[in-house]
Structure formats: structure tokens, C-alpha cells
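When the chains are written out, they are named A, B, C and D in that same order, and each has its own residue count from 1.
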């Protein structure tokens, strides 16, 4: 970490900062330029919040050289993390997560039927919303625990591990019992109470990127989970909010190589929520594979025109099956397996 | 609500949509253009999610004409809502909220001393963080309930009502007992479980705008609280995330006239979090008053260089006092009272 | 186009709008909802600027149903446009543009040598900057006409058609003589005088997307060129500006399926400017092919560490060659040819 | 400028960078941390483009400590620049620019009549569009030189200096003859050929901020003009593009204190283009004065419902007059004069 001190500072003021930094167990190296003073900090600077340095009047700016995340940082964990989500399915390194399913779970018959079709087409996990975060209080809010029960029936039939979203700490125990991967939604990416709570479990967590979260903030949210002892974090890019409104969000596909450089944890792409429109999804799913992503999460519904939510961005089982044909070829090129 | 149907649609497909819409108690008016078919929907369309219409293949686009919020909507509540936060302080209409205090509560002596200075300068409420949402798990997370106790000591001494942030449902009862206004932070603006929970109380809620929330989404989050029966919502604009990084966030000051046109609820401005730099705050606070805002929330610390958090964006009591001199003059021009 | 009239409007006010619209040769269809009046406009609405309707006090909002671009619109030109850029190279439909070269042309020897390597690896056109748009007036501004001369020497040796950026109307004639494709840079995407000028020629134009341009605005800029009579427009997505700063820009890869749905004109991807960092480029180039893009533009330099500009985002000839191995395989899957 | 070198670098690689930097007349100070090497650069670093350093493989990151603009930088020019635009009107320091007028000049009678009303209400300069940058080639493009002639007739009658937009270098001489302030529009903020051309004149330039330009880029565009010898640059903030679409753009009012800290040049606010809706403008104009801005530019039209462009964001002369009553009071508080 580098502190740029303004030129009219007194030695007393500089001493005060130096003592503060040293009191945190760090070393300070000072260099005097012609008209700038620079303090270089060494030691474990991950504990230091940049703003605790910016509060000093004589500090012009602070530059972070070491990333503020440690446990998520590839620098201290060079090999790819591989996360076992059960049912023989792994994610990370050469293991590709192909997660598909309806936005909301609606009923048992359709869910089981769909799960079978998805498995046949090549999916290795089943997503389904039971508790739904909806912009409007007047929209359908999900079947709740009944939805989780239905997903477990589908799991019994197909063996597919289950991914479902947890919205608050109240239902944490139920989720630990009933799902294989706890999904944290984009709107809760910085719900720190929730992150701490799932960090206390050892359940794999699919951490969606917040709509306006930088990649660094996203890694810091993973750090909350890792700091609690849970090492099983999977990132999921699902589009960020920009000025462009031709699509629901802007898919930040460059996040794949960036996250993989910065972290050892796997990253998957959700093209359904990024696009918000059906026709955009297949080409983006194929792009995602070639970006080097460790998986995909795609919404599929037997009859999108009848879906209770997100029908506009759901593929049919037929469309999903066709897409999987090409994806399997691309995975071979990439040296990855389902 | 207006539905634009693609030109190659069959009558069967159009009938299907028509029946779906009518099944929700709405009326459908069809008009055939030269090469476009338009369906106009009338009745209580606030229940309809645009996406439940977009899922039909023949729907090209859907335009919402009536806002999706009802209880927050000025159309159905023409006069300004005035919210009583206790201690004789009201917010809304001609009543101005002048809320100030430290980012984090640190200790009793300083907090009480500061509260006295703020009251003398003209503040009519006291903010202070007890539970802190921090980007890093390694940063100071707040004093917790002890922080709320200290704020109550300051209230005893000064009479200033207390504003503090609630981060999860676990502490709701404590907050109902110990604070006058529950603050919902930007990162939790779409934590729907939390919104529903505070909606079950009648405690005033200061609802901060999410970093990437549109004004419409913000009003919908208020709608969650109002739908639960709690009418006491105060909006707080604190900067949105944009490409500009000279300041921490971009203060969307235009949100003031827009929210006041769309809603009857009051809106206050937090220039501290928008700027993230001390020198920007005073001019923005004055701008906020002339924008027509119903209040301000400003971070003040006795010694910003010693603050445990957000020192870089805190005014000194002296700077706050000077600022209040001008603000009092501006409030007279605006016809508002503290 | 649909106009939403506010409910308290007088018949006189509605008549005034109706007459204005009819005076432009359009038809108006009125429908009265319970508490809303809607005017539907039919005819050639592409001429109407939404704001010329919003200026009326009684207009609540205006929704455009037909896109404002006509000549760029796929609705009136169903098949893909294929653009011949010379040297036997076509772009669009199944024809893939593989354009590579240095950010800035530096000298004749290196440029010719590099052009040969690129051609051998599979490139079918040569990019090179002669006039450079630089943020700072103190940065290298390009070799100017001498740069174009050098590019032509490379063309003589390799047959590769030349793509180079034109920054103002002053050098238009020179560019018409000396390049095969005129590139309009992101910063000039709405330099309407320049768009009109290139629209008067029949030279192919590579139109980069402005950093904050919506897809609709981009298509409207193409419309300026097409309206002048020049049908040879190629879109180039090179990243948009968002809050994320881990990469120089955010590559909006979803723009590929969206532009291809809205327009018959080809779209290529420039991953170099989107990323601004070397290691991100190869995976994004492969993603671009699978997104369905009609081409790529990639910066390559013999020794990026010695490049006069953009070395940080240039591949070496070796890296480019390796990348092309995979790209050729992917093009087969996509059914496209170089 | 500080260069962060990756830890596995060879001495040869470091020497190469050191020699490159020294060849530009700069000094290099090296400090070795426990696992980081830092190079500090001193001397005139404004000439160095960060990317010419990032191109080296061993460079992890580069931090700029001195701003890249010199002539626009307050560090080297402490007092406020005051710019004389003629007709006894100055801008900067305590001198406030109150510029008003129609979006487009439409005819002589109305323009002269309006100019008189604006002057009576307190305006000290007249804006009017003669050459119009329009998103659509099918929209009204302005009266051209005839518009400038009409503005000069209004100037003869009122003495108000004229502000009008120049879109390309072709008409530069005409503008030097016929206007008092050359406006560079947002879309041309990085049209570097145009910036260089106006830099060769001594005519005051009103430089609008690009829709997605950072404040630093904006200052660099001013630097282009200043580097040519023209010292008379006035910044104009007119809203930036963000995800929020309730208003046309987001007014970045914080840019006022930031620009005034970084630069000695004046900054004015254009609330009309930021809002894009009439009702938002008056409160934002008042906010702008209290932000410390050095002026305002507001669109006014005798009959906005009949305006040929931008009627939706134009005030009536009556509304402008009422607004000026309050603005005059606020200017006294701010210690500024018209």
C-alpha cells in the first residue's frame, strides 16, 4: 500500500500516520520526491481499509498494491479450487457445472418431468426458485419450503444436485438440509449478515454478482464466506447494470478471465438473467464456454409462455437440448468435462 | 399498460393473451394498426409484472403507463406525507430533517458531547452506526447493541431522536425498542425479507437508495414496507454508482424533484456518502436544500482524523456549525422549518 | 408510436397534437381508457423525433414501436448485407473479417514484416493507426499520411486490404484514395459532420460504438452514413464504459445477437480496446466467434513492450498465430469462412 | 508516478524500464519491499502516458500522482481564471454567467423578442443553436449560417454576447467572426481535430462534458485547447449517462467542487440537457448556484409547445423570470455578480 502525502505536511502530521500504521503491525518506508512524499507500507495490509488512511488531512491519495482479499486470492492458492457439490458433480478446474431448471418451482409433476429432460440433455444439476426476490410486493413470491420439497423429489428421480436461492437467515437450517448448493442472489451480494451465516456452514455457495458490484467487491463478499470457514464458493456472473437497455443487463464476460486470474475459485455464467430475452441466450451460452467459464446456469421451462416467472428468458427443453449439442463439442476443445 | 403484438400472430395466440389478462380482472382493448396490433389494458394493472406478458412469443414489447407502485404513488395521495419521528420532530412538507452524527458510535463521552454540539448548531436528530455494513470482513463491524445504548444516553441528554441502521431481521425487536428511525442501508434496499419485516412495524424507516437502483425500483422497495402497513417511509438519496470515480458515488440530485413528483413521501439527501470526500460536502448540502429536499443526513465527527470509520467524509463540529448558518438562511427562502 | 395523454387534457389540446401529427402525413387513432387517453400513430413514424411530441404539456409519455432507423433496419432488408472490402475479402453473412495489426504504424520494415506474419496466421485485413485520437495533447499523435503510405507498402506485399481511422473531414479525400475501410473511432461515433461526409463516399466504413452509446444510437449513426447513399457499414463493438474498472471497458458481447436481430449489417468485435490488458484478449476473441460475430479486430505488435501506443493490449505474432488455430476450428462450427 | 513491478522480474527487465523512463528526462527512485518492487518517477511526468509503462510485462500497475493536465491545473495557477466574453460580461471568480435562449434559432422576430425578455429578466448572454447535432439524420439540422445572422441581430438589439455550437472545423472562421463564445458539444468533447482547431484561436470556448467522460478526460480535452494557446476555456456540466432513465441524463453536480479544486477555469451548469424534462429544471438551477458554479445555461422558448427542438426541456420566459428572482438572491449569498 502506498500513501501519497501532500507537500505542505509537517513532520508531526507524518509521524502521526506512521505511528498509526505501525500500531497495526506494519512497516513504513518513506521516500521524499522533489515535491511529493511517499509512504510505502509492507506487512499484512489486507486488514487496512483505505479510508482509515484517507481520513488524515495530509493524505492526498492511497493506492492498494496487494488485493484486500486473502483467502479468495490466487496469489496464496495457485491451483484451481474444485468444489464437490454432491451426486458426483464437481465444479472448478476441468469440471464444468451445467445447471438448468425453471425460474420458479411450480408443481411436482412438471418439475420431475423437466429434470429428467434436462439430465438427458446433459445438465448435471437442477436449479429452481422456491423463495423468490421480486421487485414488486404484488408479484408471486415463490412456493417456499414446498418448492424445496418438490426439488428433492426431482433429485430422487434424477440424482441431480439442487441449487436454490436463500433470501434471509431465517431459513438457513432448512436450506442446509434440503439443497446441495445455496444460491445468494445479486440483490443480497452485500447482505453481510447473510454472508456471515452461510460462512458458518460448509454447504457450497453460488454467489451471484451484485448488479453494480465491482469484481473486487464481489471477491470481498466471497471473503466474508471464506473467513467464516466455508471454502466452497462458486462465483456466478449474471450481468451488470449499465446504461444499455436493449438487454436486461450487460453480461460482463470479461469477468471470467479476470476472476480466474485473481482467484482460485470457479466462476460460472448465467446468460438468462443477463439477457432477459430468450433469443440472446444460446449464443451467449456458447460464448461463455469459450471464455473459459467453469459452468453455466440457464433457465429452462417446459412451456415458457405459461411460466409463473421469467418465461421471457427461459429456453424450452428442446432449445436446451440443441444448445447442449454444441456445448459438448466446445467443452472438448476447452478440455473440460461435464 | 400497452402490449405491442407482432404482426404475424394468429388469432389463437392473441386470444390466449387476452384470456390470461382478463383472468386477472382486467379489460383488454384491441386496436389494429396497418401492420401492428396493440392491446390496451385497463383496470388495476399494478398487480401485473411486465415479464408475465413478455413471456408470450408474439409480444414484441410492453409499455407500462400506470406506475407499478400504488401506496407510494402521489397520484392516489396528493398531499405531502408528514412523518413524526418523535421528540417533536417531523419530516415532509415544510418540515426539514437535519440529521447528523458520527459514522460509527465509538464511546459514550464523545457521543454525548458531539450530540450536544450538533443540537446547538441546529440538528434535530442524531445518526450513529452501531451495526456497520463493511465491504471487508476484516474491518471494524460496529459496537452492536452497546452502540444503541450509547445513542440512547445521548438522546436522554439532548432529546434528539435517533437514526441507526438495521442490517438483518435478527435485531428487529431491539431496534424497535431502541431507535426512533430504522435506517435500511443501500446494500439492503432490495433485501426483501428485511423490507417485509420492517413493514410489519410502525417505526419510521429511512430507506437509502441502492447504489444501482432506479428511482422506480426504489419506490417499489418503499411499496414493500407500505404494503405491510407501515406508512412511515423516508427516502434517502446517497449517490449512485457510475463510471465517474473522482467522487465515491454520483449524487443524483435530480432524484429530489422526480421523487417528489411521483410520490407523497419525503426525500432527504446524504452528501457524505455520495461524495466520500470532505471538501465536497458543504456545497452539496446547500445545493440539496435548494433542490427542494426534505432533509439532510451528514456525518460529523469531533476529530475526523481519529474516526474509526468514514473519517475522510466527516465534517468537524465547527464545519457543521458554519454550514448550518447558511442552511438556515436557505430554509427560509424555501419556506421550510427545522 | 403511442402517445399517452394526461387525463385532465382539454379537447383543444388534443386537437392541437392531432393536427401537428397529421400535418406530418401520419394517421392518429384515439382510444379512451377509463382514465387515460392513448393516441396511436401510424404511417412513416421514423421521421418523428419523440421529443417533438414530449414538448406538449399534456403528453405524459411517448413509446416508439417502430425503430427510428430505416435503412439499417432488418425489418426492411431481411437478408444479411455482405460488404466487399477489396482484395477478395467480404464481410457479413458467412464471411468473417479477421483484421489485425499494430495500434500505430511505426515504420515500414516492421509493418511489412508484421503484415506477412499476420497473413500467414490467417488474417484477411490489416489495421494500423496513422492518425491517432489520444486523450492527452502531449502523447504521440501518429505518423499521419506517412503512416498511410507505409500501410500501402504492406498491402503491396501481402494483398491485405487496409483499415485505418479517419479523425476529421480534412483528410477524407486522402483516405478514400489510400485505405480500403475507413474506421470511425468511438469518440467520433456522433461526430455528425464526419458521418455525413463518409456517407457521401462509397468506401466501406467500420463504425466503432461510442463508449456510452446505446445500440439504438449506434444504429442511428449508421443511418447517417446510409442516408447519404453509402451502404457499406460494418459495426464494431469495442467495449462500453461502465463502473467496472478491472478492464478498460466492458465488452458488451450481447450486442452481437441484438445488432444482428435489428439490422442486416455485419458486426465485428474488437477485444483489444475492450480489455485494455493482454491476458484477457484470447478468451474474448474465442467468445466473440461463438457469439456469432462477423469478424474480429485485434491489435498485434512484434514487440508489445516497444510499441509506441497500446502495447499493453497487443498480442505478439506468436500469440496471434496460436489464437488463430482455435479460431479456425470455431469458424467451422459456426459455418463461417475467412 | 509510481510503478509496481511484479516480484519475479529480472534485473535486466527492470533496467530496461529504468532506461526508457530516464530517456524521457525523468528520474527513477527504486524501493524494494518484502515482496514488491516499487519505482517512483519524478520530474515532468505529465508527458508520460500510463499505458506506455503498462506495456512492459513486469509492470503490475501504474499510479499517477501528478495530474496529467498542466495548463488546466490549479496547482500551477492558484487564482481563478476570469474570462472576458465581450459586451462587458466576465465568467469566473465572482462573475456569474447567466446564459439563456432557444435550443434552435427559428426566426428573427421571435429571437429578438426573446433576447429582450431574457435580458430584462437578468440573462447576460444569449445561447441559440444554428448547427444542431441530432441523433437522427431525419431530424431538423438547424438554420446554419442564417441562424448565426439572426443571433447577431438579437445581439445588436440587446448587447448580449452570443454562445453557439460549432460542429466541425469547416465553419471555424465563420464562428470566429460571428459568435462570442464557441460551444463544443458533448458529442465532440473528444473530437481532437476540432479541439486543436479552436485552440489556435483566442475565442472563448464553452466545453461541454461528454456523456461518459470522466472529469479527468474533460480536463484533458481542455488541455488540448490550452496547449494550442487559447486560455479561454469554460467548462459546462450537462449531465452524464448512467443507468437511471427517469431523467435524460444524471446531473453530476459534484463536478462543480471537484473541477474547481482541480482547475482554475470556470464551470457552469446546463440543467436543461441534464434533466430533459421541464419541471426538474428550476430546482436544479437553484441547486447549481449553491454548488458554487460559475454560471448557468438554460433553454428558454417563447412557446415550448411550438419549439422546433427541445421544447420538452425549455422554460417559458415567464418561468425564467420567476426563477431569476430567486437566483439573484442566492447569488448575493454566494457573493457573485451577474
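Convention: contacts are C-beta pairs under 8 Å (C-beta built on N, C-alpha and C of every residue); 3 or more make two chains touch, one makes a residue touch a chain.
Everything numeric here is computed off the predicted structure, so don't read it as measured data.
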Mind listing the chains that sit against chain B and also against chain D?
A, C
Taking each chain's centre as its mean C-alpha position, how far apart are chain B and chain C in Å?
39
Averaged-CA centre spacing for the pair chain B and chain A, given as whole angstrom:
27
Separation of chain A from chain C, taking each centre as the mean of its C-alpha atoms, in whole Å
32
Where chain C touches two or more other chains, by residue:
212, 241-243, 245
In graph terms, with chains as vertices and touches as edges, which category applies: line, ring, star, complete, or other?
complete
Which residues of chain C touch chain A in their complex?
212, 214-216, 240, 242-247, 250-258, 261, 274-275, 279-280, 283-284, 286-292, 326, 329-330, 333
For a test of understanding, state which residues of chain B touch chain A in their complex under the given definition.
16, 46-47, 49, 51-52, 54-57, 68, 133-139, 167-170, 187-188, 190-194, 196, 210-212, 217, 220, 223-224, 227, 241, 304-305, 307-312, 314
Any idea which chain C residues touch chain B in the complex?
2, 4, 29, 31, 33-34, 36, 38, 40, 42-43, 60-61, 63, 65-66, 212, 241-243, 245
